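After this come two complexes, each holding chain A, first together with chain B and then together with chain C.
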Partner chain A sequence: MTTTLTATTTRPEDRFLHAFEAYAGEVLNGTSEHLATLRRKAIERFGVLGFPGRKSEAWKYTPIAKVLQHPYRIDPMPTVPALTEQTLAGYAIPELDAYRVVLVNGRFVPELSTTSDLPEGVVLTGLEAAARRHADLFEKYFAHYLDFENEPFLALNTAFARDGFFLYVPEGTVLERPVHVLHLIDTDEELFLQPRNVVVAAPGASLKLVTSGHSRTAQRTFTNGVTEVFAGQGAEVHQYDLRLEGEAASGIFSTQAYLEGGACYTNGTLTLGGALVRNNVSVRFDDQEGEAHLYGFFLGRGSMHIDNHTMIDHAVPNCVSNELYKGILDDEATGVFNGKVLVRPHAQQTNAYQSNKSIVLTREARMYSKPELEIYADDVRCTHGAAIGQLDEDGIFYLRTRGLTLQKARAMMLLAFARDVLDQITVEPLRAYLDELVAGRFGA
Partner chain B sequence: MSDTAYLQQIAQSDYKYGFETDIEVEKAPPGLSEEVIHYISDRRGEPDWMREWRLRAFRYFMSLLERYEETYPRWAHLKYPDIDFQAISYYAAPQRKPRYKSLDEVDPKILETFRKLGIPLDEQMRLAGVAVDAVMDSVSVATTFKEELAKHGIIFCSMGEAIENYPELVKKYLGSVVPYTDNFFAALNSAVFSDGSFVYVPKGVRCPMELSTYFRINTAGTGQFERTLIIADEGSYVSYLEGCTAPMRDEHQLHAAVVELIALKDAEIKYSTVQNWYPGDAEGKGGVYNFVTKRGICLGENSKISWTQLETGSAITWKYPSVILKGDNSVGEFYSVAFTKGYQQADTGTKMIHLGRNTRSTIISKGIAAGYSNNSYRGLVKVARTADNARNFSQCDSMLLGDKCGAHTFPYLEIENPTAQVEHEATTSKIGEDQIFYCQQRGLSEETAIKLIVNGFCKEVLAQLPMEFAMEAQKLLAIELEGSVG
Partner chain C sequence: MALLEIRNLHARVEEKEILKGVNLTVNAGEVHAIMGPNGSGKSTLASVLAGREDYEVTEGEVLYDGKNLLEMEPDERAREGVFLAFQYPVELPGVNMATFLREALKAIREHRGLPPLSPAEFMKLLKEKAALVGLDPSLKQRSVNEGFSGGEKKRSEIFQLAMLEPRLAILDETDSGLDIDALRAVADGVNKLRSPDRAFVIITHYQRLLNYIVPDYVHVMVDGRIVRSGDKSLALELEEKGYDWIKEEVGLVA
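The block that comes next holds the complex of A and B.
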């Protein structure tokens, strides 16, 4: 392919490559040789891969290149405005008794975080702090299982990410209280944020993690966030990710989970806010008897664009994966679901289930669904289903005969539709909070 | 596991129709150039408008070829070496003058070929009442029952004859469903298409018999570029059968056919295919490359188009029979069984494009993979903003007979209307040991049990085939599974 490059055309990629050179020294790496080498490798990979183009199958329904044309400000260490406890209270989840981690513009704010009373050996801190104070753990897990070779956004994040949170739960430790990570965007600049989070459950450990993202600005921002999850032998990880950002906040949120034998991983991705939101959740089984449950709910309004992308890699035999994504598209919103289940040769006795159900409420809203199965082993049971439709007329009729208004009846039906997913949430205050939030949006 | 050996045997079984008929053949020199287009047009004695049409397509194709890296479709789940489009001969015709009034004039060797394939042309003519337009390579060599069809005003002839005798119909509809700009292979076909069938069923006529064409690829080094056009005028009905087998050979053969169906108001077209071209040998060497563009349009209200296919052959299958549901209340159907073994690769499915109101579509796809083969279903259901109350149901099941093969499902659902109701379901599994055990316990051999289970797995689809074909299809599937001459 030959493209003529004139002096005036710069690819959006070039801005990042230049920015990297500007920050490559101490700003990004401190004194770590390990990190410097890794970042160099990542940015080179990014340079080769580039942003996905129009023909990229994985981005078929999400024109990401267009969004990235916008000249966001690339700053690995954006300023953090002071926030009061009162402000934070507005983002609290009622009744949730949790360790609190506050990230503002992707940076860990220790003053606002409440991480005392942690069981022995548990590390819960900012990524940057972890790199300094727990260098051994940091080097062991940071970017270790991440496939940035083939994913430009993971490579980009790896090249730039300075902060985020780091959670380590040692062998056999059960973290009784959940961890609540509050991601706030608070800026008067058009920032391009790249937080990076690392979650490690050592063998036999157990943890519950809730992250919620909010924006406190009308400025256009873009977040390229990456969370790495490692679940050791027999570990249990519950992770819930809430997108509650405002209309100017776009982003790609990638979660990569790596499961050792017998580990059990649950992911709930709940998107209720943002402009263009892409959630990438991928799970890889490293050994047998692993279990993964992926739940998703998305509610698109206004001109929101919500893209949920999941990938479950059954690389070994005897694992179970179960996936349910449900969405409601209102106004002019666009929904996308692309789920892939890959069963590699020899991954016998795999049991995989995948389902996507969506409701399109208006003429201007749209839904694109692409559930995929790619299977190379014969002794497996894999099913997937997708359905797009509207509310059951009979159900509405029944409710109306009981004296409910049309609006109330519809709201109840929509809430019931959402509850299939919401009821799977194992952190009760979070479930109640979301139930109320969703009900409120429908006017139920 | 005890049934492994048997399944391996299936996977390795040879192509049973591997022989070549020795007929003298006239061929164009290999390569693609403007001269070749003129050569084809000259050979076929085509009018100027047809020549121009070809040249337009040719120029477009050459522009694609120039930007090959960008324009060549690589999205399918298929792996094969690049095709050298300049190494292919684009025209071949049997030496003898190709128009016969009766079977007696047909080259006895051709008739012998059909007999070996178990398709007794003469038997079918007398007993089954099937009019057969047999295509040996690219020129039609036998057309039967023409008079009977003529009584009803039905036109059933080769594309060449249609261009000569019904230019208005051809001009109006050729390329109207699959324009030459549609895709890489449609462009190639439009430039070099050799022959094919043309059917026109007039208003209110129900075609009294199944129309059938047997295709054969028979000359070493020539691709076959069929072009089929079927028009069902208002209120008419036609069922069309297409069946294919090809002799064994070493080099890859490119086949890039285009089929266009047009159903006007209240009309119905049923199109059935059994495809059993040479899939390559046990090492995956040779075999037909099958890149087909099949598309129908339900142009008028209440029209219906139904595709049924049994795909067992070809090294590479790239085929998506589609329906554009333009007329209100129109119906589209796709029933498919794809069986792959050895090193075969199939990426097949359908597209249902809902444009009209109250349109309905059904997709039933069964994929069976054995040996080292890869079998993919790829289907699109699109509901446009104009398509109120559209309804789709898709069911795609895959069965794996072995642990070296792959079965994949890639459905695309694009919904832009709130009144649409679209459902897709897919499963992948293997034959249960309990199922085989049950059959064996009833006194069936393992082989019979597997045949029975596979047959049951495909039944929903095979039942859609016309009677004459259903028998052949079942037999073919059984033979494919057997791995021995049956």
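The block that comes next holds the complex of A and C.
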């Protein structure tokens, strides 16, 4: 009787706390005292914070507690099935000439990754390998700027992080070819995955990164992924995150970027797949003249739930942030946008722009948009706008009177709606691929 | 067989009856002008022929090339050769002009059993037709009608007409808001497109356009009906006397 009670009243948090104790010292041994200390600190914070409750404002429209009730299998070192080159070809982005990193179930697969011919000093490998072979770099950047003290999912990921990818571009180096990271979920278990990625552009360095997530399973999975980005003085980072997982894959994907003076950061979060997807993108300016461009596009169908949260912390003067998120919601899909911009008291001469526009195609689809500006400085320029609407019927009629079918006219209008955000993608093959994916979704 | 045969057409928007029994026969090769005061139903007729869903046809029929036009979807009508030059062309930000026309032409050619044009052939055609109405061919890089001036929008409609080569072209107040140069350019374009197997229905409030495009027939529409038909001299008479005398004659004004 007592055991039954325990089983049904176990909080999901306890399952993670128990799992941590079970794995600590073995799988989660870490390679250094540094990491072991961090893990311990992180799990303690997680224990204190717990998962967000039903009343959490940040999770108001996203029923995360319900999803986390599911007894996913917590395994920091899940098995990696063998994949052929032919299988991988199916996930390639046409015409994209890039260094390729393959992660399967969050684990780096060196034999499928093509990271030769990297410029001198560039490190592109798995997180675990980096911790072993580049301990100095790893310890310098891992969890250094990450706010895991206040965010339960970041704390949880930090406690369990075992693998992922690690990219380091040294001072002044321009990585000409983009990096394409393929995240594949391939399992016959209901896995809870926690990949951890670290991206560092040292001062004056420049890189372009494309990650794409895919699932090769009908098993219900959850990913709590975290990517830390560090852009040194004057560095340039272009990061595009493409979600193409199937309808059984849910997850929270958190990206935290830390920008030194004069650094320029572009983030494109493109969600076209998944069941429940929460994207958290946050940017913190460390010094003046920083620039952050956050672009988002999401396309919900079926019963998908896509939640985009952004947070830009203007902690210092003279920085620019520019944010454009657009989405299309079909069937019974739900979209959420919450864009927070914080301009702290000393952050004078801040320019912050934010816009969120969505099209809702059916009566059943939903969109919640919430701009959240907190401005404590007086000499700033900040604008925001949010619009939720339907497809322009006059436009569709116009196109049809020129011979285009209803389906084609709709597709053309939807692609036109997405145009200004898709055109911001600076990796041309990725931009063309997105065009094709979006047009394809609407049968054009 | 007439190209277009409108018989006793009644149409309403919401509860308001606008067309109250229109009869009109248009043969291939002919140019018909439909004139009339504001609110007489001219633009409604154009919209009903193009297939706009806001209007409900309550009575009558429209035969296009012997087929029931009213049963066709708007895009089907276009592929069958019906073209409407809009009074207020819609701006479509993000829809590239060249891409849009390539798709439209492809759909229409396919319907006619013709293969799509090669990119080079398409660009050649586009330049040629743009020149016909004095449009800058760099418009191909622009979004459809976005940021076009009033005159450019109307020229662009005739340019599209030239590209798509319809059998029945309906021009809805194409002359409104045009300065004299644009009016001439549009009229020149239309005149060059006149042919024995193409008909035009030109809807206009003023006689002005008909100095440049000389119609074979002029019809006067008042209160949802065509109340008088004649040759081009009827347009001149209207210009001179206004519409009130006709209203009086048909008993609409006491």
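Please note the rule applied: the second predicted complex is superposed on the first by the 434 of 444 C-alpha atoms of A that agree within 3 Å, B and C clash if a C-alpha of one lies under 4 Å from a C-alpha of the other, contacts with A are read in each partner's own complex, and residues count from 1 in each chain.
We take it that contacts are C-beta pairs under 8 Å (C-beta built on N, C-alpha and C of every residue); 3 or more make two chains touch, one makes a residue touch a chain.
Keep in mind that what you see is a predicted model, and the values were worked out from it rather than measured.
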item	value
Which superposed partner A:T10 touches (first chain B, second chain C, both, neither)	neither
Contact breadth on chain A, by residue count: chain C or chain B	B
First (chain B), second (chain C), both or neither touched by A:T426	neither
Partner chain in contact with A:T362 - chain B first, chain C second, else both or neither	first
First, second, both or neither for A:E372, with chain B first and chain C second	first
Touching partner for A:H346 - first (chain B), second (chain C), both, neither	first
First (chain B), second (chain C), both or neither touched by A:Q390	first
Partner chain in contact with A:E57 - chain B first, chain C second, else both or neither	first
Common ground on chain A, meaning residues reached by chain C in one complex and by chain B in the other	none
In the complex with chain B, residue positions of chain A that touch it	1, 57, 345-346, 348, 358, 360-363, 365-390
Complex interface listing, chain A residues touching chain C	392, 394-395, 397-406, 408-409, 412-413, 415-420
Complex contacts: residues of chain B adjacent to chain A	69-70, 75, 77, 385, 398, 400-430
Chain A-facing residues of chain C, complex	50-53, 73-75, 77-79, 83-84, 86, 89-90, 92-95, 100-101, 103-105, 107-108, 111, 143-144, 160, 164
